[in-house]
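In the two assemblies presented below, chain A is common to both, partnered first by chain B and then by chain C.
Up next is the complex of A and B:
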């Protein structure tokens, strides 16, 4: 049904969507400081998003570290630079691969979950009911979720980074005979705050974007069952795109400062 | 309620662990950059830092002891590098230590190497400036390597010629390498040499034994070699010989003078030898004397036959006969 839309209409839709999202973000910042504070709901969301995603993140991170090291080894050996493996893997995981991959995984798991959950609440008119009953649904549903993702994603990223480095060290230990102590010494030698701090800061933005897009898509879900599916789907796509966009911005800004 | 409490506990563990990991990572990075240790600052002035950057490591005798904090261009030829060094190194780094810009491996990042001085300097203090040494940079090194390569190529060509000459030529080296007869000869020579060495060693041993025997026994040689009295005597004989020689020389001189005088014809003998007139006169005189003697014989013969003197001569003959008989008798006894 969207096939006949012109480029102008697409641009207009895109701008409109961006504007609505910006408005939604503005509303979040207004509501976050306004009581009542839904603390218990916030903790519940933290548990749902943090703890429940941990296993997925750990497995993915471990495999990333393992595979990255295994794939890079032959090339580095060819250059006689095998001892540089910890430096290379450490910097690439902490600076870029860790935050982005884990943010994408969380976009898939969390953003779709939020989109589907809020979408179905919207479709089943639970949100409308909350508004009628005097409860602020935005405060209860959106603020708690966005705050939870903003705080949990950086923690998941650090867990992912560590397990990825451990996976890489394991490969080096078994294939190259490098001790764990030497591996982590080399990693910490190669890393600087200029690598670690921007990566951690951008993880907060990734979390914020994932939560915001998920909530926005679910909150303004179209009517019907298809609407819920679409909300979940577009939440994942848009959150992933925004992760890359934020990543680009972060690299750009950190290049200016460091 | 029970379920949500356990969720909170799990969430708490998750958050605390995550925060700890962030702290651990921050500490690991900060530890490498000496952020959490007490440090002091030293400076060094270089003419070229070869791409050194803030945060690069500083090593003292190969141990990582600090980081480069700042790099400031002082004027058109000198760059001041500020380094932050661990305080525990204060006692070890002396003010005659030398800073040098180097790199971590061939393609590694740049760093500053501080090399210890001769150990005679005073311990360094906060804010001190240490001397520097500008190491040869990669470009200069490559230029030198290029020259070395060209030389190596020339050397290789020469070596090739020598090898070919060795392989194809008939010189002594070529024969050594490829002539089996010569190898056998050489082997035989070495064998003989070994035998000769053994024999000469035996000879030397025997000589040693002999010398030892000479030294031990009271032989003339030992006496000659070891008796101080004898050597004094010898010395006396030699000095006598010396004085005798001197006298003989004097005597010979005098004889020479005499012969010279004789040759010059001075004195009676000289006259006899040299004066021909006198010689002639003497010869003449002798002739007269000879004829006089003949006549004297004739007179004596006449005297024997004279009756006045005949008795005397007969008496003489008888006494002579008696004497002969007595002599014969004595011989028979």
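Up next is the complex of A and C:
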């Protein structure tokens, strides 16, 4: 990025970029309802995203569960509140840490992948070739991918949450002697729909944003190999920032309602 | 046509034939960069027309205006008798099924096998194929035309540059188009492979009798394949004629193309 730009120029760039992304989102909503529906490509994308990210999500989730529990134990013990561990870990993972961390990982893995893939397709004229063959490339490439991330990221978040709780339960079992049954009973007592539903809705938005930004950056990739790298790179950065922004909005809104 | 240097021989050969492409006063700029500044071109049925121009002179921009991948700022673009700018999306797609397009860098779909690449244009143009349900014979025919029937299950990454170009050619031909547009068919290939590609292009022309518009800056390619050559200089059609006429021209701008 050019270091010499003034604040005014940065703000102008930011606004124009936001406007273009909004326009791209508008086009998505127009095309998503318009046939033909590329169902097979959608399934293929879902499968690939799940396949490529699942192990990463599981490993990260597991470690987060472990670490969170290990580090909170001393403090909780100090207050004599050790038995509250499942409640605390359960709520913080399901409501906040699980969705955000897993969305960030998917921003790194999926948004960059989409950005690079569509970017290289743009640069090597594959997108033009599709258009000339009578297939609408926006429908075939963008709509399927955005739908796939919107569906798959909430699923990945659920898997990540579960394994994080399992990691936490493992620590409690070995360090505090709490049985798995007791641990999960306590977690399910502590969690209400008011924890689970906003987190899931939020995850859908994370997924939507990750797919949208990845596709936007790739679809309008600039010519040249440098363009592809830049598309992948800015896709990750912007998707991650949007995850935080959506998270902030979600917490803000759910704070009003609950 | 207001080409500056129009040679008589090529004019006679094209008299009275049906027009496949008609471009009049085509203009296109990108910001300050005026790429096409009033370009004219006519391609007749069964004809091979070569457009030559320096790199960056707007050849690809011109050919993209022909299939609606780019919108001209001004001018008339008619392909197979239809004005591109007035067409609805569906009509445009229908017209595109009659046009084969060979892209500069082959543009094979990386994530698909050769067979899927060739089947891709058939997805939306089923009406053109009639009631064919088995696409394999069509794929095989197209692959045999380019001598690569054995590559049917390979991925593009497993192919050499020359093989990719041939597969791309097969893909451009799969719907039996009435018109083929070649964007630098020999760019990035070694001389021997280039000759093979040119040979294939001629065979295909002979076999199916399609009209071809070939964009190139390769003089050898132009010499072998052209019936008529049009030079694109500074955004306009600068000169026109057969290879013999143009290569013996004394105009310095024309000479520059043919100097060894």
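One rule holds in what follows: the second predicted complex is superposed on the first by the 257 of 258 C-alpha atoms of A that agree within 3 Å, B and C clash if a C-alpha of one lies under 4 Å from a C-alpha of the other, contacts with A are read in each partner's own complex, and residues count from 1 in each chain.
The rule we apply is simple: a residue touches a chain if its C-beta (ideal position, glycine included) is under 8 Å from a C-beta of that chain, and two chains touch if they have at least 3 such contacts.
Given the structure is predicted, the values throughout are model-derived calculations rather than measurements.
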Is A:134 contacted by the first partner chain B, the second partner chain C, both or neither?
-> second
Touching partner for A:92 - first (chain B), second (chain C), both, neither | neither
State whether A:233 touches chain B only (first), chain C only (second), both chains, or neither.
-> neither
Just chain B (first), just chain C (second), both, or neither: which does A:254 touch?
-> neither
Now for A:124: first (chain B), second (chain C), both, or neither, which partner does it touch?
-> second
Under the contact definition given at the top, report the residues of chain A touching chain B in one complex and chain C in the other.
-> none
What part of chain B is in contact with chain A in the complex they form?
-> 4, 7-8, 10-11, 14-15, 17-19, 21-22, 25-26, 28-33, 55, 57, 64, 107
Please name which positions on chain C make contact with chain A in the complex.
-> 64, 67, 69, 93-94, 96-97, 99, 101, 103-105, 107-111, 120-121, 123-125
Chain A residues touching chain B in their complex are 40, 43-44, 46-47, 50-51, 54, 81, 94, 154-156, 158-159, 161-162, 184, 187-189, 191-196, 200
Which residues of chain A touch chain C in their complex?
-> 36, 117, 120-121, 124-126, 128-135
